[in-house]
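Paired with subunit B in one complex and with subunit C in the other, subunit A is shared by the two complexes that follow.
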Partner chain A sequence: MLLPALTLYLAFTIYPLIQSVRISLYDWHGLGPMKDFVGLANYIEILVGPTLSERFWPALLHNLIILTFGIATLQIPALIVALLLWQRPARVGAVFRTIYLLPWAISPAVVATLGTLMLHPQYGAINSLMRAVGLGGLVRPWLGDPTFALPVIILLGNWIVLGFIILIYLASLRSIPYEVLEAAAIDGASYRQTIWKVVLPLLRPTILTMIGLGIISSFSYFEMVFLVTGIDAGPYYSTDVLATFFYRTTFGGNFGYGGSFGAGAAVATLMLLIVIPSSVAVVRLRRRYDVGY
Partner chain B sequence: MAEPSSGPDEQLGREWDRRTFLKRTAQASVVLGSVAGVSAIIQACSPAASPSAPSAAASAAASVAALGPVDFWTYRQPDVDLFDTIIGETEGPDLNPTIAPATEFDAKVLTSMQGDQGPDLFRGRAGLGFYRPYADAGQLLALNDLVPDLQTNFPASALDATSVDGKIYAVPANIDVTQFIFNKKVVGDMGGPDGPATWQDLIAFGQDFSKSGMPFIVLATKDAWPLQFIVAGIAATDLPDSYVADLLDGKAKFSDPPFVGVLQKLKDLTALAQPGFEAGTYDDLMASIAGGTAAGTMFGAWVPGDLRKTNPDLELYQFLSPPDQSGGKRQAAFFYDGTWAVNAKAKNLDGAVALARLSATPRFGQLMTDQQGIIAAMGINTNPTVSDPSLARTQELAQSLVPKTWWQFSAFDAGNPSINSLLPPAAQAVVTGQLTPQAAADHIQKGLATWYKFS
Partner chain C sequence: MVLLLVAAAVLYPLALLVINSLKSTQEIFTDPNGLPPQLRFDNFINAWQQANFATYYLNSVIVTAGSVALILVVTSLACYVLARHSFRWTDPLYLFFVLGLMMPVRLAILPLFLLLRDLHLLDTLFGLILVYSAAGLPFSIFLLTNFFRGLPRELDEAARLDGASEFGVYRRIIIPLSKPGLAVVAIYNAVLIWNDYFFPLIFIRSPSLRTLPLGMTSFYGEHATQWDLVFAGLTTTAIPMVLAFLILSRGFTRGLTEGALK
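Let's turn to the complex of A and B:
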């Protein structure tokens, strides 16, 4: 019974994983046979070498920023909105759910293009609006500003998935048995106490699952950066993340020069080494706090 | 609060669903993380087969119409139009074109070639750095004997740009010449057909012009890659030929004062640039110059043609970067740009070779000039008729090419990290103020010194 699934798992997960690790031990540019075995040289170059390490550590930091900023600007607002929608009449909730979920149906490429236009320094809607309401002193070239470019890209990405996260939390809230809430009310719990002492603890498995998914998506973050600031992840790598670093390392820069599949595979392996333990830790935590009704 | 809406059975089912969903999602997360991290590597596992001999191609019949469609990949629609025209004129094989975004084109070609799923004919780049890996892997067809026009129609420097160890792996397409390009109606005369006499005059003119409220220079900083054209254009005039020769010999460094001075001039231009230039894009640049809302920029040889396609009434003022001293030498930065390369494992090898032959004919060079407003690499030998005044001016400026080139597709692009991967971000950092010109030059030098031999 398990054999077909196991075969697929071996073919599409374990085999590529082993191959990736194998490639990372070679100096290979992606064409022809792998001949130059270099051991751990690619890893050393990425972690402490003179050029690749200069990009690896800042990219890793940016992924961590995406993770923490993502939790602050995505998970928490999504949970709040879900709590607000949870108590609304079904018809009203459905309308808002649809509104929030709409961006989920829009291609990230479209969102990136629209976002870039809206953020245009001269005639973008954001700066125009700010000028119109007297905040002209705060306008800036958002995507050309090393301080703001990454947060702006994160917010653009969040806009797409916010509705989906809300939906997950809402589904989880809807599964809380009424008896539990009624018991809290009978015991004299206030609304705030019910949320803090009853609802949120019951939501903990869902929250941990979403954080687990957040860790994975944060460390595989690629398309919005690629679509908005390109493969160089400018300005001067200020939006660079591990996935764009991986792409550049593997395939070279804008004109396909200087790519190394060996070093790229080493980056991919390091990404796995970061993601898997964190994901496993979150899964274990989730199990520890699992609840049954 | 939520209303009770279910009986025990339904609730049990819902409990199972919820718990199972969360559990499965958590497990799937780990698996998906693994797959996502390595999926890009999967194709790298395909073993490369040895190339087959192009015996049939060598004896391609005069009529190639029956050869079947040729899979042709490029990142430019005008390339497809160009081949369609020459095919229409010669009854060549049908074209099955694929146009991929420029930013991912090279990666797409590379991964498809290593999986033996590549195109028959594709737009390649120039330089040893591009061709060496393909040549070592036997992935490209050597064209020396198959395309006889190569030796007669193209200058040796163009063939050098597509050769490895004497084997020519692609037909050079066009030569790019970097120049200042201004909207003449907007800026008027800046000191004669060759522009301002000195760099200081250019800056002074720009400062005066900027008082009108219109940007004097448009910088496409967000995209990074256009900035290297400005660096190369200034460097062509400013860097002494001996310094460039020493750079290529490893006796001089990018961190030396001459190159730092070039980056400083790039920085100086930001004072004359459009508001929010830090997020300016290539599209902004083209639209503002063609639309007359900005004066000009420095860019490559295809830009005048593209600007005039956008605005046919546009009168352009093109000149090379002015020297520091009046009367000093002005030079043009250049590189051989695209090429037409044949996949050694092409499914339609005969058709691809037939098209490669067509692309090496003077007629093809003339069509390229007429349709795309660029100078064919063979143009130096075949002298196509140029009717467009801006292109004729580019051809005139091309008489002052630097003797040796250090930037795109030069010897500094043959290793990792290449000048192509180091220069655009470094120039971007200078323009946005993240690095000083000296720090940016040090960054480039440090990167190149990891593989290029400097004394």
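Let's turn to the complex of A and C:
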């Protein structure tokens, strides 16, 4: 009964991941057999070489920005909203929860396209709205501005998943037993103390899980950048992430690198080397705070 | 107050999407936030005719339904063993599956591409189904194993005493009792697969095999200046799933909050 799942998992997840490591050790462009073993040359090229490293490090930095800016603009608001919803009657809570969850049903491809149109410098709804409410002075070509393009793209992505994260925090809040809160009240804890000293510590495992998922998703970030600012992650690579860098390296971009499967696989392996240890660390940390009710 | 503001931020782009799909390009350009002066439903007819939305819809339905069906069968069988039997290898095997949660399959896109090429499954819907099913396994196994473990064991034993086989217990006891859990697994995977853009982008070459998100973006590429058509196309792509999800969301949130995430 286990065989079908195991076969599928081994063939289409484990084998490709291992194969990725193997390909990264060859100079190979996808045609014919892999025979030019080059050891770590692809990695050296990416980390310190003349062409690839120039794009690798900024892309890595952008992924880290997505992770940290993403936590600040996604996890914290989601937690606050969940805490607010938690105190409302279940009926009201359910209505808001349903509204917040709607964007989760929409494809990133749609959101990216819609975002591009909404942020159009001339005809976009956002700039038009800002002019209407007297913020016309702040209007700018959001996606054409190297400073703002990446944060704006992150916010577009946040819009999709915010409701889902609120839902999970809310579920975790609802599972706190009533007696715990009652005990805090009897001991004379104020609302603020209850939240900071009782509720948030109990939420630690969930918060860590969300951060773990955040690490994984911010390092596989692709659609938003690819569809909003293009394969060259403009303006001037200011929105480039490892996944778009990987795409260009593998299938050929326009910076004089004709597409190399070996180098592409090395980028993917480096991404795995970042993601797996950091999520293992998060899981370990989570276990320390695990609570059983 | 905060709750209402967040609701507004969530609903504003959705409203914009629908409103602008009923205007002419000129009307969108002059006032993107205004209500349509008249409802131009023919935008939808034009978009539907100019892109092969019918084909894209059909492809998305085939891929999503195929993958979800495969995921449900394969994971429920596996989770039955993982949750109901304790051999020395069940716990390590469960961890091995769940480890997949930390390894985004997307990062193995290149070997997957080569694997599908060698299996002659590149540029086929069946290839997509296999990849999605494998990608959905870790989370589904995690969720369903926990759900199965929560079911009372006495029922299994009673059924066994009545002479039920291993498969009989699975089919007649576990599956009927697990409908909420199975529903969560199905909806969660269906939403992600239906909306995915990445795998079709890499694996699908033929225009006639494009799924909805891929078809929509190529439609946008061809009609980038005709915003009336683009908005109608975006609405056609997004709104049916939003409505379907609205109907299913109660069962989904309940199943997710009560069963799985403890």
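What we mean here is this: the second predicted complex is superposed on the first by the 275 of 293 C-alpha atoms of A that agree within 3 Å, B and C clash if a C-alpha of one lies under 4 Å from a C-alpha of the other, contacts with A are read in each partner's own complex, and residues count from 1 in each chain.
Criterion: contacts are C-beta pairs under 8 Å (C-beta built on N, C-alpha and C of every residue); 3 or more make two chains touch, one makes a residue touch a chain.
Since this is a predicted model, take the numbers as computed values, not measurements.
Once chain A of one complex is fitted onto chain A of the other, the partner contacts of A:71 are absent, as it touches neither subunit B nor subunit C.
In the superposition on chain A, contact of A:177 is made with subunit B only, not with subunit C.
By the touch criterion stated above, A:145 is placed in contact with subunit B alone, subunit C being left untouched.
In the superposition on chain A, A:130 makes contact with neither subunit B nor subunit C.
In the superposition on chain A, A:185 makes contact with subunit B only, while subunit C stays out of contact range.
When the shared chain is aligned, subunit B and subunit C each come close enough to touch A:261. Once the two complexes are laid over each other on the shared chain, residue contacts for A:229 go to subunit B alone; subunit C is not touched. In the superposition on chain A, A:47 contacts neither subunit B nor subunit C. Once chain A of one complex is fitted onto chain A of the other, the partner contacts of A:38 are absent, as it touches neither subunit B nor subunit C. Overlaid on A, the two complexes show subunit B and subunit C touching the same residues of subunit A, namely 9, 12-13, 16-17, 19-20, 23, 30, 122, 171-172, 174-175, 212, 216, 219-220, 250, 261, 264-265, 268, 271-272, 275-276, 279-280, 283.
Partner subunit C is touched in their complex by these residues of subunit A: 1-2, 4-6, 8-9, 11-13, 15-17, 19-20, 23, 30, 77, 80-81, 84-85, 88, 94, 96-111, 113-115, 117-118, 122-125, 128-129, 132, 159, 162-163, 167-168, 170-172, 174-175, 212, 216, 219-220, 222-223, 227, 243, 250, 261, 264-265, 268, 271-272, 275-276, 279-280, 283.
Contact residues of subunit A toward subunit B in the complex are 9, 12-13, 16-17, 19-20, 23, 28-33, 49-51, 86-87, 116, 119-122, 127, 140-146, 171-179, 181-182, 185, 194, 205-206, 209, 212-213, 216, 219-220, 226, 229-232, 234-238, 246-248, 250-261, 264-265, 268-269, 271-272, 275-276, 279-280, 282-283, 286, 290, 292-293. Across the interface of their complex, subunit A is touched by residues 2-3, 6-7, 9-11, 13-14, 16-17, 20, 28-29, 31-33, 70, 73-75, 77-78, 80-82, 93, 97, 100-112, 114-115, 130-131, 133-135, 137-138, 141, 166-167, 170, 191, 194-198, 212-214, 216-217, 220, 227, 230-231, 234, 237-238, 241-242, 244-246, 249-250, 253, 256-257, 261-262 of subunit C. On subunit B, the positions that touch subunit A within their shared complex are 1-5, 11, 14-15, 18-19, 22, 25-27, 29-42, 44-45, 47-48, 102-103, 105-107, 109-111, 113-114, 125, 127, 129-130, 133-134, 136-139, 221-225, 274-281, 284, 408, 413, 415-418, 420-421, 424-426, 428-429, 432, 434-435, 446-447, 450.
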